[in-house]
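The following pair of complexes shares a single chain, chain A, combined with chain B in the former and chain C in the latter.
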Partner chain A sequence: MLSTQEVTNRWQIVYRRFLERSFNILIPLGAILAAFLISSTLIIARGANPLTAYAALFAGAFGSTNALANTITRMVPIIMTGLAVTYGYRSGFFNIGAEGQLFMGAMATTWMGITLVGWPAWLLIPASLLAGALAGSLWALIPGYLKARRGFNEVLTTLLLNYITIQLFEFLIRVDHVVGPGATFLSWIGLKDPSQPFPKSAYIAEAARMPSLTSVITWLGGTTEDPALQRFTLAAVIAVLAAVVMYILLFKTTTGYRARAVGVNPRAAQYMGINVMRTTITTALISGALAGMAGSLEIMGFQHRVIQNFLVGAGYDGIPVALIGQLNPLGVLLSALFFGALRAGANRMQIVSGAPVSIIYVIQSLAILFAIAGTVIDLRPRRLKQAEIEEAKRVEAELAAESPSAPAADMLGEEVRHV
Partner chain B sequence: MFEQLVEIFTSVAFYAAVIRLTAPLLLAAMGGLVAERAGIITFGMEGMMLMGAIGGAVGSYYTGSVLGGLAFAMLAGMFLALLYGVMCVSVGANQVVSAVALNLGALGLSSTIFALVFSNRAVGVVTEVVSVPSMQPVKIPLLGDIPILGDILFNQLPLVYLALISVPIVWFVLYRTTIGLKIRSVGEHPHAADTVGISVVRVRYLSVLFTGLMAGLAGALLSIGMLNTFQENMSAGRGFIAYTAIIFGKWEPLGIFLGTLLFGLADAIQLRIQALNLPIPYQFWVAFPYLVTLLALVLFVGKATWPAASGQPFKREGK
Partner chain C sequence: MESLLRLEKICKSFPGVVANDHVDLEILPGEIHALLGENGAGKTTLMNCVYGVYRPDSGTIYWKGQPVEIHQARDAIALGIGMVHQHFMLVPPLTVAENIILGLPSPREPLLDLKSASQQIRELAERYGLPIEPDVPVWQLPVGVQQRVEILKALYRQAELLILDEPTAVLTPGEVEELFKVLRAFKEKGLSIIFISHKLEEVMSISDRITVMRAGKVVDTLPASRTNPHELARMMVGREVFLQIEKPPCTPGEVVLELENVRARSDRDLPALKGVSFQVRAGEILGIAGVDGNGQTELAEVIAGLRRVTDGRIRVLGRDITHCTPKEIIDMGVAFVPPDRQHMGLLMDFTVSENLIGKSFDRPPFSKYGFLQKQAIENFCAGAIYRCDIRTPHAHVPVKLLSGGNQQKVVLARELSLQPRLLIAAQPTRGLDVGATEYIHRQMVEARSAGTAILLISTELDEVLSLSDRIAVMYEGEIMGIVPAEEADLQQIGLWMAGSRAHQAAETPQTV
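Let's turn to the complex of A and B:
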């Protein structure tokens, strides 16, 4: 039996955790609200009514199945790139290159879908997804290797690689895709549909496309008239699953623990016996795979082919999505919803109220600034801060008596059992 | 084909283009260098350039003069720099992250301002290309008459001259003046600087504002220098390239100058060679400047040594 004192203590801990958790959500929410408030001055300057504008924005994002389909379509790639940035950032690898890795993933997936046309869906879908992940991974290996082995700043290398990747893409969608007789290496890797003059690929095989709600309804013997349902696809489910998997990987496995240890303090991690070089390379591979899959899911789930400018900026958007999501994979889902909804509703806002689409960038930017400022300044009530300090002192005192590896783990705010 | 290449590389216009394409990068990078040496990461120059570009266009439009445009450009760049300073210095937030956010904000703000000022009220979008007063090349007396060299260096836009002379000026200030010593000490060892009575906060704020001023001018060079209008996202990554050049040049003015010159050269080459119809796809040439920079970085520059306190917010002990 627990004494009353112990019961009270346990409840206090639960209560504190609850407060702590709600603050993790309250800060971004407050930041978003403040961003909307400040941005409304720009809308007023335009001579429009902010309330009308925001109502239109909301309706454009959630008002109908079609609007909802738009929001989900926008969400899927930024969930994946948001996860890519989150995982990299947690491990000290700031992946600005998600944009390029996404393009590599989209190209690899498209190539599978237009080349292996005879394959059955149960094989082609996972294979295409895997190809995208692999392409993104390999592309991230370049900056990962350069950082781990030679100490090059990854922000720089990934950024330069993005520009190069986009041009590679621009080139390949202009090379006729010919396999079999008469094919050269170039035509083999080319992506353009030879039967038409424009820089775009053929549609990928039916068997390579993600099943949609419409096909599920048909399979169950029902019928549906709503074309928007075709855009509710398995891609969205996979993106959500990916977030859950990444949460477990990051917070519940040794791999994730090592990654975070390197992210917090590489030198301390080294002393703890973690191979920092290998961890950095693994991180780059995982981050790249996620970004590559962003491209795959876009192609397999929604567009079914690559075309010039098919998805610009989703890689860069991963950065703010990750940050507003408090660098937590589950938070990324929520912040992707916010970003996806903004993008989906922006056009309707412009048409209805005259407030220009570009205002949503201002809203996003302010939201990030407030969110990071809110986190750094530590707006938590004094009670929580005090509790944290006391907790830290207690742990420190306990660990002082224990094994020599303990202080290092303590510094990382982790339990020792993970090591 | 060989003759065509010779023709390109022997033409005066080609080298004048190299200088012209180098100038915006150089202006921004020299401004960025000052903040970098004070310990502030200048990943936000992209946004400052964009603000400078719209500021230049709007200022030039309203005042009807290029000088007015330049004043607006500097103010717009410094406005973003001030926000960046608040985040980095006062709040102590992660600098690269703040920069990413402000770059995004500048993209939105510049496009919104462009739409507000120049758009057709009825349609809500910019329906016609608005041209505003823009800078004209100024030939420098005597120097401009030197054969070849005069046409390459001394018959350029005024801001191009400013970019070129900013290299020795920034070098002199950083290494030969007390201000420079303060800046460097704040970037290398803020606590020591604080102990001897240097205000870390003030030095960092002023350095970032200087970056904003220079990046703003670099943006104006794009909007009212090379063109006479604003285009959405017209900085197109040049702020990032300028940042790359700082690391490429290992935080030394001369190295940075060479870095921006390399990019300007690669950029000028790709512009000319694209027109030649070589059996190499033109996308390769568009990627060429980035490829050259990446390869040069990996092959020749090696590991970078950052200013010791780079990216770290300063907090007095015992606070």
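Let's turn to the complex of A and C:
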């Protein structure tokens, strides 16, 4: 039997943990709410009614199967890039290169779909997805290796690789894709549809496309008239699954433990026996694979071919998605929903209420700002805060007694202020 | 002669620490005055009070006979006080001249006038015999020359009193000679110098007068000509009482750790270990005493596999681990309580339980097929928190929210849970209160009774004296000597800590 005291203690612990955890959800929700509230002043300034505008925005994002399909289509790539950024960030690899890795993934998947035309779906779908993931992770291996072995700043290397990727992409969609007799290596890797004068690829084989709700209904013997159902595809299911898998990987496995330890403090991680170099490279591979799959899912699920500018910006959008999602894979799902819905509903908002589409970028940016600011708010029990303050004092005293560097830093501040 | 600077009853305390306790000090014009004392004796705090980095709690500062209030570094500089910190305050990409005029108004505001500044710096450098090239970026200069820039910075601001905090700590012997020549030249020109140090021989050779500090108080001020290293050493470390720890008699077993002529370099790429050899046996505590920064950190890191060994051999239980990875060394049964729990010992943003499994998270029962086993981890952590009396609301609190003592208990609980054959404890009680210190000490004595070999590295001489079975002293990367604790002679240890071997020839350093 537990004593009353023990039961109370136990409940206090559960309650406290609940508070601490729910706080992680409250920050992004509060940030999004605040963003909507403040943006409404802009809408009013334009002479429109914010309530009408937001209702239209909501209807445009969730009001019909077509609206929902739009939202989901926009969500899938940014879920994947958001996960790529989250996993990288958590382990100290700030991957700005999701954009480039996404394009590599899209190219590899498209190549599979226009080359291995005879393959059955059960083989071609996983193979195409895998090719995309592989292309993305090999592309991320370059900055990963350079960071781990040579100490290169990954922000720079991943960013610069994006430009290289875009140029490579622009080049390959202008090279005729020819296989069989007469093919050179260049024409073999080229992506352009030779029968068309435009810089775009042929459609990928039916067997390489993600099955949709329509095909499921047909397979079950039913019929449907709604064309929007064709856009509810397996790609969305895979993206949601990926978030769950990444959550487990990050928080429930030794691989995730290593990654987070290196992200928090590489020196302490090394001291604990973790191989920091290997962890950095593993992280780059995983992050790159996720970004590559973003490209694959877009091609296999929705566009079915690559064209110029087919998905520009989704890689960069992964960064705010990850930040609003509090760098938590499940949070990424929610913030990707927010981003996807905003974009899907924007046009309807403009048509119905007259509030311009660009309002959604204001909302989006404000939400990012508030989400970052929110992490500074401290709602923890007062006793814990007190402990932290006392510890800070103790550390200060310790430093004062043993090393002049801390006060010296103060002093430099003093001098610089008087410049 | 009227004094240049006089301190009267300066007190300064921090929560839990009295750093300066009614300190009186007088500096005469044109003298080199040494401040001598162990780590934490309050030398640097006192000088930071003079330089305006801290405000003393009570007491008065007189400058040329007048009481003055120094609120910030700028006030001190305006009076004519210059300070060269142990860690230089230079902006590496800027040139020497740019660094020197940083913070001063330009004669041609708002434009800079680097040309005339360079000219002035050249003249100044010439006058004081400090050759320097004003247009070279500071990062390209060797440490000794960077220090010269710091000194010139103070001279450029027309300092009459120069405070040098451990100026020789970063210098090579040749550079030390150079510096001393310069300091003597300053003295000729009428400048006063306060020279903070813990190295007896240097202090004896450069100073006119010496003030010894211990535990925040001034022990005495003496002319260098009327004292000797023995007396200074006794004044530096002399103690009436030190804490006693009950421990059963030592029964050393097999050799667990063996270092053979180990050499390594510091982060600054200077030689940090210069041929260190010793052994630690099962069931004994070898204490390494010494002033901070004499290679102790590097020694611990080298054994833990965190720093490259440039020469020599390290063996654990007879196996060569000289070039093993940290992981392999942990798996050999080597536990390590690092000197810096905030930046190395703990992942501050991780929870208590995540930190407790920090070195065993990938072993059964905590991991199965790469998945963390929640239940096993919970059980283990609940046990460790209870056994080690870690004060935390629950196991899932970020460890940074615990007090320093409880954080250190987390480190020790994790290290001892590995059931190590060797425990390296570096500064295990730094910054802890009496209760936590006592707890940590008791745990170490218990581990010793269980047959663990313990290497204790501490700058707290009391701690080394009361815990160790044998005592070694490190100075500038070398072991000055090793003595059994019962034969330890305080004066001898004090001399070794200050870098002097000259004592009774009978007590040659023993090797085992």
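Remarks
Here is the rule we use: the second predicted complex is superposed on the first by the 378 of 419 C-alpha atoms of A that agree within 3 Å, B and C clash if a C-alpha of one lies under 4 Å from a C-alpha of the other, contacts with A are read in each partner's own complex, and residues count from 1 in each chain.
Simple rule for what comes next: a contact is a pair of C-beta atoms (placed from the backbone, for glycine too) under 8 Å apart; a residue touches a chain by one contact, two chains touch by 3 or more.
Just so it is clear, the structure is predicted and the values come from calculations on it, not from any experiment.
In the superposition on chain A, A:N275 contacts chain C only, with no contact to chain B. With both structures placed on the common chain, the touch criterion links A:R149 to neither chain B nor chain C.
Using the contact criterion defined above for the overlaid structures, shared-chain residue A:T157 touches chain B, although it does not reach chain C. Once the two complexes are overlaid on the shared chain, A:T253 sits against chain C while remaining clear of chain B.
In the superposed pair of complexes, A:F171 makes contact with chain B only, with no contact to chain C. In the superposition on chain A, A:R267 contacts chain C only, with no contact to chain B. Within the complex formed with chain A, the residues of chain C that make contact are 14-17, 19, 39-40, 42, 44-45, 48, 51-54, 72-74, 85-87, 89, 102-103, 165, 292, 304, 306, 325-327, 330-331, 336, 338, 342-350, 354, 358-359, 361-362, 367, 370-372, 374, 393-394, 396-397, 400-404, 430-431.
Residues 42, 45-47, 94, 146, 150-153, 155-157, 159-161, 163-164, 166-168, 170-171, 174, 319-320, 323, 350, 354, 356, 358-366, 368-369, 372-373, 376-377 of chain A are the ones touching chain B in the complex.
Only residues 13, 16-17, 252-255, 257, 260-261, 264-265, 267-275, 380-381, 383-384, 387-388, 390-391, 393-398, 400-405, 407-408, 410-412, 414-416, 418-419 of chain A touch chain C when the two sit together in their complex.
Taken in their complex, chain B has these residues touching chain A: 43, 83, 87, 91-94, 96-98, 100-102, 104-109, 111-112, 115-116, 119, 121, 124-125, 232, 237, 240, 243-244, 247, 281, 283-284, 286-287, 290-291, 293-294, 297-298, 302-304.
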